[in-house]
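In the two assemblies presented below, subunit A is common to both, partnered first by subunit B and then by subunit C.
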Partner chain A sequence: MLKRFPYLFLLLPALILLLGVFVIPMLFILVLSFQGVEGQFSLENYKTIFTDVYYWEVLWKTIKISLYTVFFTLVLAFPVAMFMAKTPGKLRGLVTMLIICPHLISVVIRNFGWVVILGETGWINVTLMDLGLIEQPLRFMYNEVGVVIGLTDAFIAYMVLAIATSLYSIDQSLYKAASILGANRIQSFFHVTLPLSMPGVFAGITLVFSLSMSAYVTPALMGGTGVKVIPTLAFEQIMAVLNWPLGAALAILLLGCTVLLVTLFSRLVETKRYKEVFSS
Partner chain B sequence: MRLPRFSLLGFLTLMILIFVNAPFLIIVPSSFTSAGYLSFPPEGFSFDWYLKILDRPEFIDAFFFSLQLAAITAIVSTLLGTLAALALAKYKFKGRDAINALMLSPLTVPSLIIGIAALLFFTRINLGGSFLGLLLSHILISIPYVVRLVLTGLTSFDYTLEKAGYMLGARPLNVFWDITLPMLRPAILSGMIFSFLTSFDNVTVSLFMVAPDTTTLPLMIFNYMQESLDPMVASVSSVVILFSLVFIFLLEKVYGLDRLFGLNAQQH
Partner chain C sequence: MKKQIDVQLKNVQKRFQNQVVVKNFDLEIEQGEFISLLGPSGCGKTTTLNMIAGFLDPDEGELLIKGKRMNGVPPYKRELGMVFQTYSLFPHMTVGENIGYGLKLRKVSKQEQAERIQKVLELVKLPHVADRYPKQLSGGQRQRIAIARALIVEPSLLLLDEPLSNLDAKLREELRDELKRLHQEIGVTTIFVTHDQEEALSLSDRIVVMNYGNIEQIGTPYEIYNQPKSEFVHTFIGKTNRLPGVVSSIDNMHVHVRTENGLMIKATQSTGNWTVGQSVTAFIRPEKIKLTTQSEKDTSDNSVNGTLDIASFLGAFTECKVSVGSTLLDVRMQEKVWTGNGQDGETVTCSWSAEDVFLMAEGGK
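Up next is the complex of A and B:
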């Protein structure tokens, strides 16, 4: 057997691990999510979720927070990626470093930093009160604003890297061609840079959206008990309430919703691109 | 380094870089406060909150536990990932693309769901809360990175060198040891360091897999933060930041951060 399939020998250890720690557990929670109180097959977990308005509200809030995060990471990441693409040499290396370093340090620590900045006795509030601009501390935390700030910081590197990858692959002679044809810098941005950065932008949007949908740590630390999202609900059901079938159903729902929305988004983007190609 | 002229784009970039790095610019200074509470700007200067870590053996235990876990994770996932990548690159067989996709699939599923699935399944097979369960879940989330890095290393691999080795009469193991492995060293080493960091930083998967008595350092900070916010969190975090920076620096030296994240430095 191994003589005929030598690659099996190399693949087997990793395959066993993947099956035992990933594939089988995923199938297991899928089955578990269809389990009733007495262990029989039932749809009651999904029925509970779909008939209770509360879960719909939380799901909507999760999606809303993720969309805000996508928006802010996109707006903040684009200039950085453009700067990286335009600046060769050591300065580009430095910017890359300053984007990737925070990305490789635990999100708990980054969130902690934001707590010190945004909290009630945090840097911003103390500064503003010392200046006499406000009387009461502003609430940046333990609400959706805090969660979006935390998530934007947590996932911006993915967006920068995705956009930079597509900007780096733009053929530089296109810019020359644009300027020969009389385009100024703004025109060449809208007719060369922006359209050609779209694959990176779409990849970044998809990635940041999926990551935000399933983020647990940041909503827990920056949102506290005030902001409930599907990940925090799933965690509660599994670790506190110990209703595992319902928790499993929430996890499956989260995964399903994310996949569905991401697929819809890429379909939309693709049909739009086909139309553009055929109309021109 | 030549400083560029002032540009709006450069200014925006600087602001955004400050935003992204703001947490560290705040944490490290405030860890040196001499006050008994957390504040920025810090009041006075002292090492008090670093010395106080020494009075809290649970933090030190958690640090060494995380270190151990990350080291074993790095070694095992590098070993398994490299072997798998070699099989995927060198052999053409049925279902290769499917297996390739399977190897990278833990990256596409959120770690929250990986954690939930692993906890529920492992509890069913009596591995819940065990070190083995925690370790296996950490290996799972780092294997895809190793596979991807080594596969990338193998696509630019010059196979004629291996052929030359065989023609000169070297045995397969010698060819592997003296030719294949040294050429893949940067990819394998950076896969190992990246796995280490992935495990050392992880909270979401650990959250579900740790036993109550043994907890990882990031998870400990996570739990501690939700109860009290004193300068201790800042000093412990600063130690972790410094420690992570050492490994990030190693990654930069061994492989290059831009190349690691798919930004090809050779282009213009």
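Up next is the complex of A and C:
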């Protein structure tokens, strides 16, 4: 092992850190999730979760919100990534910076920003009402719509950068080859750009999906008490109800679900064709 | 019977940010011709090819393919075939799908596609690779597939953009012969861009030598090599000895030139109008100089004694550097001709015919 990878020691600091702050705490949580009220080993928490339909509804809502977020980030990010790939030089750098710079601001602040825009007295509702298009303010906040908007805003940068990276690596002469063979711009997009951008698209989907599944701040702020997802539920159990074992079990459930879905997804896309593209 | 003209460039110009990269380009290419655009990088050859392909539009002038004006027509409507330096095979398609792509776009039936793919694969001598992906092929095989992909649509014109440059020496030669064979077999009008003079000389019916966006000379490989029209063509194609000097006298037979280093050279009269005292440059190809030992009798027009400085054996020939006074001459010597023992420092005689001296007036043609 050491002979084949002589630079393995460079990973040591990161591995120690991960072990201390991630692996060991996760094991604690796993153990905690199997504790009963008295501290004894018990399957009680999982029984609660699997028998109470409420938890199933929350889990489904979490997945649904994550899928919507994936969809909207994907649709909005692809054209931006295309623009970046087709625009080399300074402008590309500027766009990259514009995409990254919102992340310099805390997601809490950004979510509060949405309140100003989407709230009942936010400018969208005020404008629509002033124009007489609506009589009652539309509900953008404290429901699933608000959470999806907030998450899309929070994670779109990951999607853009993931797709752009794979678009950058497409050999530009492939477009020339397609064109000379008779492909117009639309055909060349569907036959060359899209299939070759798939590694980035899949990476972006996986990333945004897992981030959305585990997001706490945005559902808490944009969803308020109206939208419960697994992370907010786990937080509530631990911090408010002080039922740590049930909170831990919810966390494990979330982890299990995310890993399962991401694995299924990558199995699905790893057909022969994309294997060729991915390994290049 | 005059052959049909397939491609016509009339006074074509292209500028990039005020810099003219192709100037007043005039060229007619006959049907079935194999023509090379040859020149150093930045000479405008690739730009010219890109204009013919439709990736660039000329700023001025006209481009006609098969008599039809092509200015402003996008590449995908031009019905051309093109092979690129980097192969440019679609990595997510199998070899068969790559080759069939042009047919798929032309809505050719699946069955006909399969038949034509097989046929063209046999043409490039790779009949069993249709189900593989480009990555599983070697560089030479990939380029053959790229050629097959270009040929399958039966293009009116085949464009080759330095297709051999990414291959190693041996493969390059192999594929060069392959290109020649394919051209003889199919007879498609071909435009070949290269910076490699050997490729151009061996493949072309005619060569267009370019420099700084200008056409330096258009001619057959023989003409380009033996009757270069400019100093650039002479020095770019093949190796040469460059000897600047002054015309010292002219007689019935010869122009006599005294070089800066005091060497006297005879050249034939016919090469141009010369006057005594005119500054000229004489060029002699290394392989035109005969190397003999001093004891041998020599009847050549030019004959000078010198010292063999370096002799590098290169297999088919030996490259020698001979000091004649303060002039260093490159001599390419075929082994059989040599009678000396090839020791460094040996005294030798260099001789060459006046016909093999190429004279050029200073500062131009």
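Keep in mind that, in the parts below, the second predicted complex is superposed on the first by the 250 of 280 C-alpha atoms of A that agree within 3 Å, B and C clash if a C-alpha of one lies under 4 Å from a C-alpha of the other, contacts with A are read in each partner's own complex, and residues count from 1 in each chain.
Assume a residue touches a chain if its C-beta (ideal position, glycine included) is under 8 Å from a C-beta of that chain, and two chains touch if they have at least 3 such contacts.
Nothing here was measured: the structure is a model prediction, and the numbers come from that model.
After overlaying the two complexes on the shared chain, residue contacts for A:210 are found with subunit B alone; subunit C is out of touch. Of the two partner chains placed around the shared chain by superposition, subunit C is the only one that A:191 touches, whereas subunit B remains out of contact. Look at A:90: by the touch rule set out above, it reaches subunit B but stays clear of subunit C. With both complexes placed on chain A, subunit A has more residues touched by B than by the other of subunit B and subunit C. By the touch criterion stated above, A:20 is placed in contact with subunit B alone, subunit C being left untouched. Touching subunit A in their complex are the following residues of subunit B: 1-2, 4, 9-10, 12-13, 16-17, 19-24, 26-27, 30, 38-41, 79-81, 83-84, 86-88, 90-91, 93, 99, 102-103, 105-106, 109-114, 116-122, 124, 136-137, 139-140, 143, 147, 197, 200-204, 207-208, 218-219, 221-222, 225-226, 229, 233-234, 237, 240-241, 244-245, 247-248, 251-252, 257-258, 261-265, 267-268.
Across the complex, subunit C is touched by residues 171, 173-174, 176-184, 187, 191-192, 195-196, 273-274, 276-277, 279-280 of subunit A.
Considering their complex, residues 5-8, 10-11, 13-15, 17-18, 20-26, 28-29, 32, 76-77, 79-80, 82-84, 86-91, 93-102, 104-117, 119, 121-123, 126, 153, 156-157, 161, 164-165, 168-169, 172, 210-211, 213-217, 220-221, 231, 234-235, 238-239, 244, 247-248, 251, 254-255, 258 of subunit A touch subunit B. Residues 53-55, 74-82, 84-86, 88-92, 101-102, 105-106, 133, 135, 149-150, 153, 159 of subunit C touch subunit A in their complex.
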